[in-house]
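Following this line, the structures themselves.
Two complexes come next, and they have one chain in common, chain A, joined by chain B in the first and chain C in the second.
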Partner chain A sequence: MKFLSLITVLLVGVALVYGTLGMPRWGDPNSPAATHVSPYYLEHSMHDTATPNVVTSVLADYRGYDTLGETSVIFTAGMSCILLLRKRRKHKEEDHV
Partner chain B sequence: MFDYIISYYNYWMYAGLMMIGFYGMMAKRNLIKKIIGMNVFQSSIIFFYISSSVKRGGVTVPIIKHVAGAHGSHGVDVMQYANPLPHVLMLTAIVVMVATLGVALAVAILIYRRYHTLEEDEIILCMRKG
Partner chain C sequence: MIRDSDDVIVKTLARLLMPFIVGFALYVLMHGHHSPGGGFQGGVILAAGFVLLCVSFGLQWTQRWMTRKTAELFSSIGVFIYGGIGVLCLILGGNYLDYGRLSRVLGVDVAEARSLGILGVEIGVALAVMAVMCTLFFMIFTAVDESGGQGGEQ
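On to the complex of A and B.
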């Protein structure tokens, strides 16, 4: 079992390292991630949202509904933790209280 | 050659970190160790995305300095600021990571209460007995 998983992990690692050879170099200012979409947010966020911090303006203004969904994810996780870990009372005691 | 290694070794580090986490998730029998492996796995992916936001050459955090340019959008030098989008997306991913960690630990506590062990093979033995 351990040998099998070691083989799988090594195969995945070799595939990943092979995939990184096509990646842009570290810190390249002309990489695709830095040239296509993100200049729009850096240029227009001050005009659109009047917030100097671009991360905040993208999080709370451009992607506000995403953040709302994220909050519901946190709420669901917290509620499921409470429901899983609470002490279960017997029903008769609850009736008296 | 040395320049080549310098510009790619961060990706190799993330690949190594992901292999460690993946191995921990698959090969370890203890449930807590499996959860730790899952966290290492997720952290490696977050590091990978964060490293794609780096630009070399006098780049700072994406906070626009001159507030006077609020009305004109063309006063911002894009090459002066790091890419903000990976930071935002990984903020979301960190939230999901914390949520999954919390639920996984709660389920581990429940399993320990029921079977009094966290070893996977012992739990399966207990389940087969009845």
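On to the complex of A and C.
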């Protein structure tokens, strides 16, 4: 059974490596990711948002929804940690009383 | 409660470093338009300053400036600022988070309004990140501290 799992893992690994060979080269200007909206951001960022740093303008302006989601994720993580840890402490206090 | 450290060197260094940490955090936050940085990084650096205070001066001393309630409030305020700017754009007749519409309120041209909108959003993100990091640190600090302290007393 272990041997079978090893064969499966190896086969999947080989398939994945074979799949990556079909991807565009690193930093290829003609790759689909670099030809769709990226040139628009690079060319119009300064004119649209008066922000020289394209990363910031994409992060907070063009992709503002995404960053709003990220912030909510951090907020939710903090709130859930507060709830979990606070409950535990209350139990301890009750034990003492 | 963890007592403050007795080491003069640690305390003096923390006291000396704190203004620079806060200044650097504000620089990273405000200069995000021109250099690497922004709300997430600035907020984390600011939280690191509070962690330094907490480690060197003790929890009670630190919580005179940043109580647990303040941290929780700030994390909500940060997300509220972000969402509120979006709703403000909505009220002014644009799409959600369409900062160009803020130009009517701020009295600047559309590109400048979008730049200022980005800054406002980054400030919200920085507040939320800073407050959440502080809250997590306080929580973990007290959780470990209380179990350890009780073990020592018994």
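As a working rule, the second predicted complex is superposed on the first by the 76 of 97 C-alpha atoms of A that agree within 3 Å, B and C clash if a C-alpha of one lies under 4 Å from a C-alpha of the other, contacts with A are read in each partner's own complex, and residues count from 1 in each chain.
In this section, contacts are C-beta pairs under 8 Å (C-beta built on N, C-alpha and C of every residue); 3 or more make two chains touch, one makes a residue touch a chain.
Here the structure is a predicted model, which is why all the values come from computation and not from measurement.
Peer 1: Given the superposition on chain A, are chain B and chain C in a clash or a fit?
Peer 2: fit
Peer 1: Return the chain, chain B or chain C, that is in touch with more residues of chain A.
Peer 2: Chain A has more residues touched by B than by the other partner.
Peer 1: According to the stated criteria, A:T20 is in contact with first (chain B), second (chain C), both, or neither; which is it?
Peer 2: first
Peer 1: Looking at the overlay, what does A:C81 touch: chain B (first), chain C (second), both, or neither?
Peer 2: Touch status of A:C81: both partners.
Peer 1: Touching A:P52, do we find chain B (first), chain C (second), both, or neither?
Peer 2: In the superposition, A:P52 touches chain B and chain C alike.
Peer 1: Just to be sure I read the superposition right, which of the two partners does A:P29 touch: chain B = first, chain C = second, or both, or neither?
Peer 2: first
Peer 1: Return first, second, both or neither, reflecting whether A:V73 touches chain B, chain C, both chains, or no partner chain.
Peer 2: first
Peer 1: Just chain B (first), just chain C (second), both, or neither: which does A:T8 touch?
Peer 2: first
Peer 1: Quick one: minimum Cα-Cα distance, chain B versus chain C, in the superposed arrangement, integer Å.
Peer 2: So the smallest C-alpha to C-alpha spacing between these two chains is 7 Å.
Peer 1: From the superposed pair, tell me which chain A residues show up as contacts to chain B and also as contacts to chain C.
Peer 2: In the superposed arrangement, which is not itself an observed complex, chain A uses residues 47, 50, 52-53, 55, 59, 67, 70, 74, 77-78, 81, 85 for both chain B and chain C.
Peer 1: Over in the complex, which chain B residues touch chain A? Could you list them?
Peer 2: 6-8, 10-12, 15-16, 18-19, 22-23, 26-27, 51-57, 59, 62-65, 67, 69-74, 76, 78-79, 81, 83-88, 91-92, 95-96, 98-100, 102-103, 106-107, 109-110
Peer 1: Applying the document's contact rule, which stretches of chain C touch chain A when the two form their complex?
Peer 2: 32-36, 38-40, 72, 75-76, 78-79, 82-83, 86, 96-97, 99, 111-112, 114-115, 117-118, 121-122, 124-125, 128-129, 131-132, 135-136, 139-140, 142-143, 146
Peer 1: Note which residues of chain A are touching chain B in the complex, please.
Peer 2: 1-2, 5-6, 8-10, 12-13, 16-17, 20-21, 23, 25-29, 31, 33-34, 37-39, 41-47, 50, 52-55, 58-59, 63, 66-67, 70, 73-74, 76-78, 80-81, 84-85
Peer 1: Would you tell me which residues of chain A are touching chain C in their complex?
Peer 2: Those residues of chain A that touch chain C are 47-53, 55-57, 59-61, 64-65, 67-68, 70-72, 74-75, 77-79, 81-82, 85-86, 88-89, 92.
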